Amino acid sequence: MTAALQMQGVRKNFGPTEIIRGIDLEIRAGERHAIIGPNGAGKSTLFHLISGKYSKTAGRILLNGTEVTELQPYQINRMGLSRSFQITNIFPRLSVFENVRCGLLWSMDYRNSFWRLVDTERALNERAAQILDQIGLLDRCDLPAGVLAYAEQRALEIGITIAGGADVIMLDEPTAGMSHSETEGVVDLIRRVTEGRTLVMVEHDMGVVFNLADRISVLVYGEIIATGSPEEVRASKAVQEAYLGTVQESGEEVL
Amino acid sequence: MSVTRRAAVAATLGLALAMSAGAQAADSIKIAFIDPLSGPFATTGESGLRSFEFAADVLVNHKGGVLGGRMFEIVPLDNKISPKESLIQLKRAISDGIQYIVQGNSSGVANALTDAVEKHNKRNPDQRMLFLNYSAVDPALTNEKCNFWHFRFDANADIKMDALTDAIAEDQGIKKVYIIGQDYSFGKAVAAAAVDMLAEKRPDIEIVGNELHPIGKVKDFTPYATKIKSSGAQAVITGNWGADMVGLGKAIIEAGVDAPIYTYYGAHDGITATFGELGEGIIRSIREGTLNPPTPEFKALNDAFKAKYPDNDINQPRIFNTIAMLAMAIEKAGTTDPVKVAYALEGMEYDTIMGGKVWMRPSDHQAIQDVHISVHTNKDIVVDADNSGYGLKDEKTVTMAGKDSPTSCEMTRPDA
Amino acid sequence: MTELVIFSLLNGLVTGLLLFMLSSGLTLIFSMMGVLNFAHASFYMLGAYFAYTISSYIGFWPGLIVAPLLVGLAGALVERYGLRHVHRHGHVAELIFTFGLAFLIEEIVQFFWGRATKDYSEPELLHFPLFTLYGQNFPAYKAFMILISIGIFIGLFTVLSRSRIGLIIQAAITHPHTVSNLGHNVPLVFMGVFGVGSALAGLAGVIAGPALGTFPGMAFVLGSIVFVVIVVGGLGSLPGAFVASLLIGWLQTFAIALDWSVNDLLDILGVSFDADHVLRDLWTLSLPQVAPILPYILLILILIFRPTGLMGKRET
Amino acid sequence: MSASETTTARVVAPDTEPAWKRVADDQMRRGAFTRTLPMWVGAFALLMVMPLLFPSAVGVTIMNQMGISIVFALSYNMLLGQGGMLSFGHAVYFGLGGFLSVHVMNYVEYDGWWLPLPLLPFLGGLFGLAFAIPIAGFSTRRAGTVFAMISLGVGELVAACSIIFVAFFGGEEGVSGDRTMGPPVFGSEFLSEVEVYYLTAVIVLISALFMYLFSRTPAGRMANAVRDNEERAEFVGYSQRYVRFVSFCAAGFFAGVAGGLFAINYEILTEENLNLVTSGWVLLMAFIGGVGFFIGPIVGAILLTLLQTVLSNHTELWQLYVGILFVLTVMYAPRGLTGLVMMHGPALRAGRLGMLAVPYAIAVVPLLALLAGTALLLEMGHTANQSVVGESEAHVFGLTLDVTTALPWVVAAVLAVGGGYGLYRIAQYLRDAFAQATGPAGGHQ
């Protein structure tokens, strides 16, 4: 069986600065994989590289065994990879319902058709309503997405991400900025909606990470210094030195 | 709230006045003036409108009107120099039962109007109208695009060019001529006519430049002036008007070109004032109607006009001819019926206020009249332009210019 | 030919430097605020009209100083009471606002000054040919225009590279998102930059008015060309704006000077076509005829093939 | 994943259908075409009786002009309102569609082509589409400023070409034709304006209907999504460029239809139909009407056509008024005039619209005073600026005012300042009243 995602020697430079310095990583199909690391380690950049937002300076990326290195985001998405964003990224002027429906359109093969009306397609609307139900926003479906509360927007973000039925889901800090109780709800939601799919997530909250992840990779200064089960990572000397050390340093300077 | 009450009073008053304004002399003969009254060309349009209103008052209304007391009323309709707006205003005129329209600015608009009037008259035989064109000079209007309903009171571009090239041909010192104009139908027509006629009259003259520049888009004419200067031209011919005329003229003179510039529209509406002493003896205009020296009648007319509109000039004598000849034609026909009036206009002769005659050639409805080459100067100027002390003095006159000029017009005439 | 080349170089320089005076202000405004100011050329027009009115009372020279200050003030007020209000609706709304402003300023100018061309002319002092070459005059006023433009260029360069505010502006140009972190009064800086940019445009108007004519359409004629300049040069790049200004200045002058046409090209290739072919207009196309549209062709090519412009770093 | 459906149906009692099913049904019911059908039928009926209400030639002509503007403005809104593309060159497709239509008319007249007139606008539309495709190909890569700049460049280029390529564009006098030369349709040869009106009205209605339906298709919905957030759209599988491409082409098509209608109405096309002024004018119509609503551009088209054809006959300053209106709209009512009306939706639904009657009645007084005073000042200023001896009279609202005397100036100034001050004083009261009427339910604006 091939891995859901394979990265081979992936590098990214911004001008003279090397942000990602050669990453080799395999995400197994069906696993929940967390990427952790200090601020500025390049976690979000890595996400952007995988999902096609940034071009790669070097290396290859394979999705379900197919090379996607040079593809555009929408092409990668059509091949079964869907992602969320660290900063809420929804369609603010569309209604909550429409946000989810837009997430569904391509996967349900509507493409750019201009001879079908979205409001007459039963399967489409029912599927959208089901997803809203899953993410708990059914009673908010008529509001413009832009006026939702922060936690609701985060939930919607996840809803859009999973709507298309992609088998690889990438979540970028899904619990960022949430209260403790909100975080619990989101963790529960993530667990439910990614059932049977591959999940890759960047997360700062170690509680969430150790609760959800099957495997963890630690990214420091653009390099993976360790990959393994939560126990292995927790036990790793290298991680303790490099990661915990930088956490203490960075804790004072950022955010 | 005293403000409130005052507003209410003003509003009521306004409404009452507006309603009473609707009731006017039902008897008057309305003439729709369709020309730009807003936008960049409004100055020209307004100046024309004032002339028309003044002419209607002085030549018709103060003399008791026509057909035993019916007055001329000029109805100004703003066409924003757009063919589309002109057609809307034409419909407005039709709604008001107006039978005569006058227009002059832009041959493009004139083409649209003559076409629309012909279609309208064909489709609505009981509601016909005449189009009196006082200024659009595109030769096509009295050639391939002519029709029975269109009359032109200005000399067309070819007739003017004929006179202009005569003047150049007489000056044996001129060996090199530069032609420059705006890149559109009129500019091209001027250039083509100049080339043809010079080749015929003075084969030895070399056309050292024949240039079209985009209309209304040139910021700086200096590069063109540089070219003209380095070509060694001894005379320049241009059909430019408006800002393109001013810019070109100034640039040529400033570059040190010491040659006469023959223009169609090189005077009035601020252009004369802008040239001032710079253009002295250089800018020449080809036009109908003698301004200097004026006839006593014209001097009196001009004084009366200036008393009313000190900032305007009588710069289009043909407007006075248009009104006078329309009045004569209506009297002659004894009715305002456009078909009968049109037949009355055909072949009509009229002695103008500025001196000289106008004859409405029946074959193409082109007015045949004297055409003058006049020079921009401040010497011997009685009737100046733009209150600048400078004006146009006749240098040369071609009597009844283009009387026998050919026309390709084949119009179908309705039953009288 | 030599004289044509020399004078075309000089004329192109005058046009190019004039364009730079406009495009430098526009670039400053865009760099700081992300706003493409459609009404920038309208401030240029205001400069010419203010100077015209001032010169008719107290002469050309006071106008040279006072008119740009007034235009700068007008610009600052527009920023404070107009643009700032629209800012929250995003850049497209701002662009629409400045478009409306351009429309409105033209109407306002017509309201106060009428529609006819104003006889705003250069001062007597500069009314002589500076030199005559091959019988052609080069007016002293043109040289004066060149001097003023170069003076502005040097002044701007000095301010940007030496003064504290210049450094802040430079920082903002290269890192537009960090400007609010600098701890400066951002709204005030914005207002100041907009005012200064408008004043530069106003100054351009003051000195261009006598040479190019002072009439209500003067903004429209120049407006979109200035846009072309800053896009071609690279949005947010002052050196780019400078290069593109001169490039377009010379492109337009030389295109007029050189009488090349498609026909010549076809002759060289030995191809000929019917004189009344449907596409006849294409064969007879000559360089002077297309001169004014060359900048737009350049614009489209640049936007397609090099969206950052000649020297720009950021894509719009 | 059927397991989750049952576990999360928590809103309603278990014996009814699940909540999500109701929401989906609800969405489909509200989106169903039958809901808007009465409005379309009403619009049709209104269009049919209009010539009876305004039978004069000029009335019919103005209504035809409105129809053309409506289709043009709606097509523009497919770009700006629905696709987030600010175009300064939309007249290109309008003009080209129109030019082709006139040429086809001439082929019908001189070369014996067989084409019923009602089909002509769609031919114009196809030509607009054919031209929009290559332009869209390279200009829709980005939205925002780059798109605006490219559209400006293309607009300038085509306008310039229209003067250079005389064979197709006819130079400055344009190309004219005769619409009556085709085969009669239902016995009509389209000789009279009224016949043309009915033809225009039907095509306007069909075009508007299809543009409305387009906004409800996957392509139309994604256009909105890309407008809102182009990046997100890419990550749900849509190429932002291609989504814009589709909208752009559709907009080009309907602009061409409007051009074809223009050709039928005026039988002449000139350079002004595709230049920047026309492009700017359609932006004004769409924006003043309100780009966020389907009917916004219709409102704008009707209003601005009226200003252009009626107001311009009463004052030379009409363009100044339009400019002021536009700038005020951009600043204070970015959702256009329709947005101002729609703002009252929450109050209407809450049944509290009546609460606003008194505040608005009070506000209307200073507002009218301000408007009247400003207009008086402008008109008198305009008259005073023009030096015509013996004509010191300004004609405003049917009043005749002598601008050389002080009284009218004082009255106008008092009206303007008083009105402005009055509005300023009651502004807070109005805001409070509005907030109260809109109520807490209206959490979003």
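Labels A, B, C and D are assigned to the chains in the order they are written; within every chain, residues are numbered from 1.
Just so we're on the same page, a contact is a pair of C-beta atoms (placed from the backbone, for glycine too) under 8 Å apart; a residue touches a chain by one contact, two chains touch by 3 or more.
Quick caveat: nothing in here was measured; it's all calculated off a predicted structure.
Among the remaining chains, A is positioned farthest from subunit D, on the basis of C-alpha centroids.
When the C-beta pairs in contact are tallied for B-C and for A-D, the bigger tally goes to A-D. The distance from the centre of subunit B to the centre of subunit C, with each centre set as the mean of the Cα atoms, comes to 36 Å.
Distance between chain centres (mean CA atoms), subunit A to subunit D: 41 Å. The mean-CA centres of subunit C and subunit D are about 32 angstrom from one another, to the nearest whole unit.
Put simply, the C-alpha centre of subunit A and that of subunit C have 47 angstrom between them.
Multi-chain contact residues of subunit D (touching two or more other chains): 160, 164, 166, 317, 319. Among the residues of subunit B, those in touch with two or more other chains are 39, 42, 183, 214, 217. Looking at subunit C, residues 114, 289, 292-293 sit in touch with two or more other chains.
Here, these are the chain pairs in contact: A-D, B-C, B-D, C-D. The touching residues of subunit D, counted against subunit C in their complex, run 84, 86, 88, 138, 142, 144-146, 148-150, 152-154, 156-157, 160-161, 164-167, 276, 280, 283-284, 287, 317, 319-320, 322-324, 326-327, 330-331, 334, 378, 381-382, 385-386. Of all residues in subunit B, only 1, 3-4, 6-7, 10-11, 13-19, 21, 37-39, 42, 50, 77-78, 80, 82-85, 87-88, 91-92, 94-96, 106-108, 111-112, 115-116, 119, 123, 138, 140, 183-186, 188, 214-215, 217, 307-311 touch subunit D in the complex they form. Contact residues on subunit C toward subunit D in their complex (touch as defined above): 36, 82, 85-86, 89, 91-93, 95-97, 99-101, 103-104, 106-108, 110-112, 114, 224, 227-228, 231, 235, 278-282, 285, 289-290, 292-293, 296-297, 299-300, 303-304, 307, 315-316. By the touch criterion given at the top, residues 51, 53, 72-74, 77-78, 82-83, 85, 89-94, 97-98, 101-103, 105-107, 110-120, 122, 125-126, 128-130, 132-134, 136, 138-139, 141, 143-144, 146-147, 160-161, 163-164, 192-193, 195-196 of subunit A touch subunit D in their complex.
By the touch rule above, subunit D contacts subunit A in their complex via residues 1, 4-5, 8-9, 11, 18-21, 23-24, 27-28, 30-33, 213-214, 216-222, 224-225, 227-229, 231-240, 242-243, 246, 250, 443-444.
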